[in-house]
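In what follows, a single structure is set out as structure tokens and then discussed.
So that you can tell them apart, the chains are marked A, B, C and D in the order they are listed, and the count of residues begins at 1 in each.
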């Protein structure tokens, strides 16, 4: 491939830019996964994971993608024929539903328009109807990477409580964990599912769970055939710092480093940074005169911004252009919005100037592609960052 | 951890020493797994894999350990209650059997003494008995990493043929592929299962399959619930260079490099090197006066040498000593031979002088631990290498 | 040091952002510098250097900074008391002069205002006056990194020719080589001096020379004491691919890679890119209403843009702020313009979106620091890039 | 180049095997050498250097090879025509002498046979004769890398004292610092010269000095033309953590890491390790029946072992063979012993099993090359290590 100068801007909503510290941590020889050095690595990681998931409970780490961790969640807790309530919030909700059906679960899929998240009131109503508690689990994608919509989990939790329904509560936090506030214990989530390649800033290859006691209890009666994903073996081995099969050692080196980075920066600072970038990106989109896919401002994602392409313009041709000309990778439209939107990822190891470079690439690309828009998107984003700076440090007055 | 000078000798039988070329190939930013650069990466890898598996058929690559690829093999081809014939050749055969049972398969497990491999005649006899062809699959571990025994696959193949039995033929080639001759097509293997961390010289985190047409046909009638492991999705996406879920991109970078290294060295040279090292390691063991675990010289492994510790001596205390004093990691005894043996791995990215250093570490460790033995093991290994040199290049006459 | 998210923007005018490809090339074990692999490395590098210096003559590579290569130039060609004509174009010309004086040369230093480059007419006049040819050498800094002024070397060459003066012609191309057109042979330069850490995209640690036959002849009569810097030994050894003392092997690995990258991108494309970035940066400065240090538009540098800070504002406090708040390193004022200017480096491994991020950092910093300016600098820079795109590829019409 | 499996054994006596920790420390972006992070890096390094040189005085670090640091030593302290007393202990003493002469110093070169080090009594006698103190400096190579001879510096110091001679005392510690006891202050050395690529475990590219107050005073009256090497500028800048010209930043990253490693292991342990390896290597040579170049056992080097090749056998053909067949680089004979010896380096980041692998490579090579020798060298080396182990830890009784 022809050499391209400078750094690639990987602004898909994940995998995200892997920081050098993480790459360098992974760039060392594999060690004996049955030796003493490995045991302390595992224990250190599990402890640091708890701080990020905000749980005092069990953590499981699989050599798998996040999709594998979805499957692990379902097969550990449920049995063939069990009923799961899901919402059509976008592509990843749809894929999880397809997986559940392939695993011989019965899915009730509340329809959605891909522009709104879960309606907690609708959920509550549906659960109240389920007098027999046929619904064994409610499964929600916290941040729909395909639409840029963040579901209001605290309200979803309250909906379950108000309905007095005992369903298990599963959450896909793949593109939210490490990007926005997340409370596994406080929100009484039973299984949180995530992957390594988004807010955790690693290459893909690890799937992770935080697991409640209620989920562990449910696992005891699960009749789903399983082996690789079984919590019993993995949690048992982990207690001593080991794994029931060969773990992805070098990714674990990277995870240790990434968790240290999150801790050094501080989770509150990490979330504030993502919030600033989300707001700035949306300001740019508004200035351009383009339309955001999400319609409810309470549900705007701080990880990814999804933009509707004006009719008559092909978002994928536009993306090919930003890639070729500006070395910028943007996310494609998936599923029902394929060919209608493009997505700007602004999550993980990212800062203000990287965001401005990325938005400049989008704006330059819109020009080149002849997409009607107003100039000034980058300026609008800068204004947001600048105003935030003034708030953070009132001593510093923007002009 | 205190700094230890020089390089660690990682002589467990896998994960193996990851070569710098592979680490460096992995040490770069993750790219968009839906972009054009990625598609060509995938296609290049699949083609190069075929050369190593010796197949013109389908290859599947999973973000998983080799254990995950075991599971993928079973759930794609079989249905609950199906009967699988396995042999107790050691710990990995035992684990695969446990997995099959957890997946609700019926396993017939031919007993073994952990010192012999599969007896092709016994297998043939058992298959002849199965007139109704109740046995759906025969699953064999090619190289038993726990015992240092290599099953004679070509003879096993002939046993199936002579018995005229239509069972599927599954092989675990985790610690044989890239180390010793392997012929997926010629031996009519239906699913070859392997992982990244042995002869392929990568960190752990990838599971791989080579798949026959017969296996693909069997998959059509499989009723095992599955999603993550499903061949249909992965093979379909791979055709275009993509994956149905986020692949372990950086490990794929490493895989491309490792496959290039195997090709540059030449598979024949790779196998000859492993054969030389296996023979040299066994010569050292004999000189020390210690006993090899395998009893049949036709089944000696060229990847790993398993040594019985004399009664009254603890192999794990010995291993702790070689680790502490000589920075040498040796493999522990697993399963039925736990506390009875230690294992010397000599596979993957390895050369003559690394072997001599490793064997010196074993011999020095035996002394320190007070294990009765004769000196001269390294010398014996050097004699083997030297003699081989003379054969390879008769112009060079050893003294 | 506290963790800072995302990538640092190193926009000092060198050392520049070292590309991952170069870092990875350097990240491997040192080899025997007297072995066969090393000899071919050296020869490959020397050949590739010639293409970048645009010479068919001798190349010398020193383990040193660029400053060392300045000294090497002077001590190889001159003798104590020899007269050298230099121009006060900025800090680096001043430092070179100081060095020459410390080396017991007699320097005639034509005064300058740090806002203009060498005036070829003035130079010609001065040389014409020198009827006895007392001036042994003319030494010019091609691109004055401290001021952002690029001397017009082709015109300087003509001035020497018109004056009919036989002086040696030395050029510091530290921050120009690999950034803008440079013609060692065509411009009849006798010694070109450069370092590794600017357009060559390496970490600092190598000094390089391109050397004319005239310079080699002059070296024969040089009476300056020297050993480390002596061309005779280094050129003699290099011919066989070796060095008279231990070379900086890992930097040479990096140099090979960097030269390959320049070749892959193509020197013309590299220069066009730097020209686009220089023009865009200046457009931003103008939009902000700030003043460029250089006054003559024929001398604008495409490597670095030097900006005068409005009176009453401290450029170093501003730089500290952009570093702290935006993780952006800008260049400080040096020498006579210390405390008066800041410098934006845009050279080496750099692309359009990195430039926009950098300029956004400057603009955000101006706001935070309360420096009076107009908004819109990034927008102005984007307009330049966009217009250039339209020229490069008329098929693509900006809106 | 064809791929070669496993790790290269780089057993030349420098550059040495660069440990992964150091390579990884260097594998990160260059930072602003005028910024705050850089200043603290410099100060940390200078402090850690003092612990290794065993001095409380000044340290200077140059972007150069060790040869550059030789030159820096001479030009900072002396003036043209000054007399320096040197000893012909081998190739590096000879090269330093040539350099001194090129720098217009007058060298008195006490002849040697390359098999003995400096005779302190002879030195003392020579200094006593010099009643007028015409000798301005005595310059000694501590460890002659070309011969494997370590000069007895403490005795040399006493010789100067007994003679009552005020000469400056310069020492080349290139292949001794970080390998064997060294006392800059206690031995009243005026300038210690070293490089990065031996006991400091870095790639080549840094030259270092430890400097006494007497040397700093001498520098004030030095009339040697100099600029790059001038202590005044470098020591002045260093005080604030900076450099007078662009430093080799990435090598400084590596130096910080290497100094940390030496400190973690402990200098005493580092020296004991080198002593064990030196003794073991010599035991191997004796077992082979080959002859060591050094004749005085008090002068055996623990960094490098130099072996005389039996008449009629070409050491360079033998070295080519060990390189081709066993991927082992051995040192060639230099200067007067070119074509007569080969050298085994055992310094830097090295451990017992790497030594055994290296010696196995030598022994296998001797066989292949048909050089008459007795087998058992590796065994003899193992016996030395084993005996040392028993001493170090009497609880552990070798059989």
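Observations on the structure shown:
Here is the rule we go by: contacts are C-beta pairs under 8 Å (C-beta built on N, C-alpha and C of every residue); 3 or more make two chains touch, one makes a residue touch a chain.
These numbers were taken from a predicted model, which means no experiment stands behind them.
Each chain's centre was taken as the mean of its CA atoms, and the one lying most distant from chain C is B.
The chain pair C-D and the chain pair A-D differ in C-beta contact count, and the higher one is C-D. Mean C-alpha position of chain C lies 35 Å from that of chain D. Each chain gets a centre from the mean of its Cα atoms; for chain A and chain C, those two points are 44 Å apart.
Averaging Cα coordinates per chain places chain A and chain D 54 Å apart. Counting partners per residue, chain C has 17, 24, 27-29 as the residues that reach two or more other chains. Residues 1, 8, 10, 12, 14-18, 23-24, 26-35, 37, 62-68, 70-71, 75, 80, 98-99, 102-104, 195, 197, 203-205, 224-228, 230, 244-251, 323, 329, 332 of chain A touch chain B in their complex. Across the complex, chain B meets chain C through its residues 20, 24, 27-29. For chain A in complex with chain C, the residues that touch the partner chain are 2-7, 9, 17, 19, 21, 27, 260-261, 264-265, 270, 273, 321, 325-328, 349-358, 360-361, 363-364, 366-373, 375-376, 378-379, 382, 385-386, 389, 396-399.
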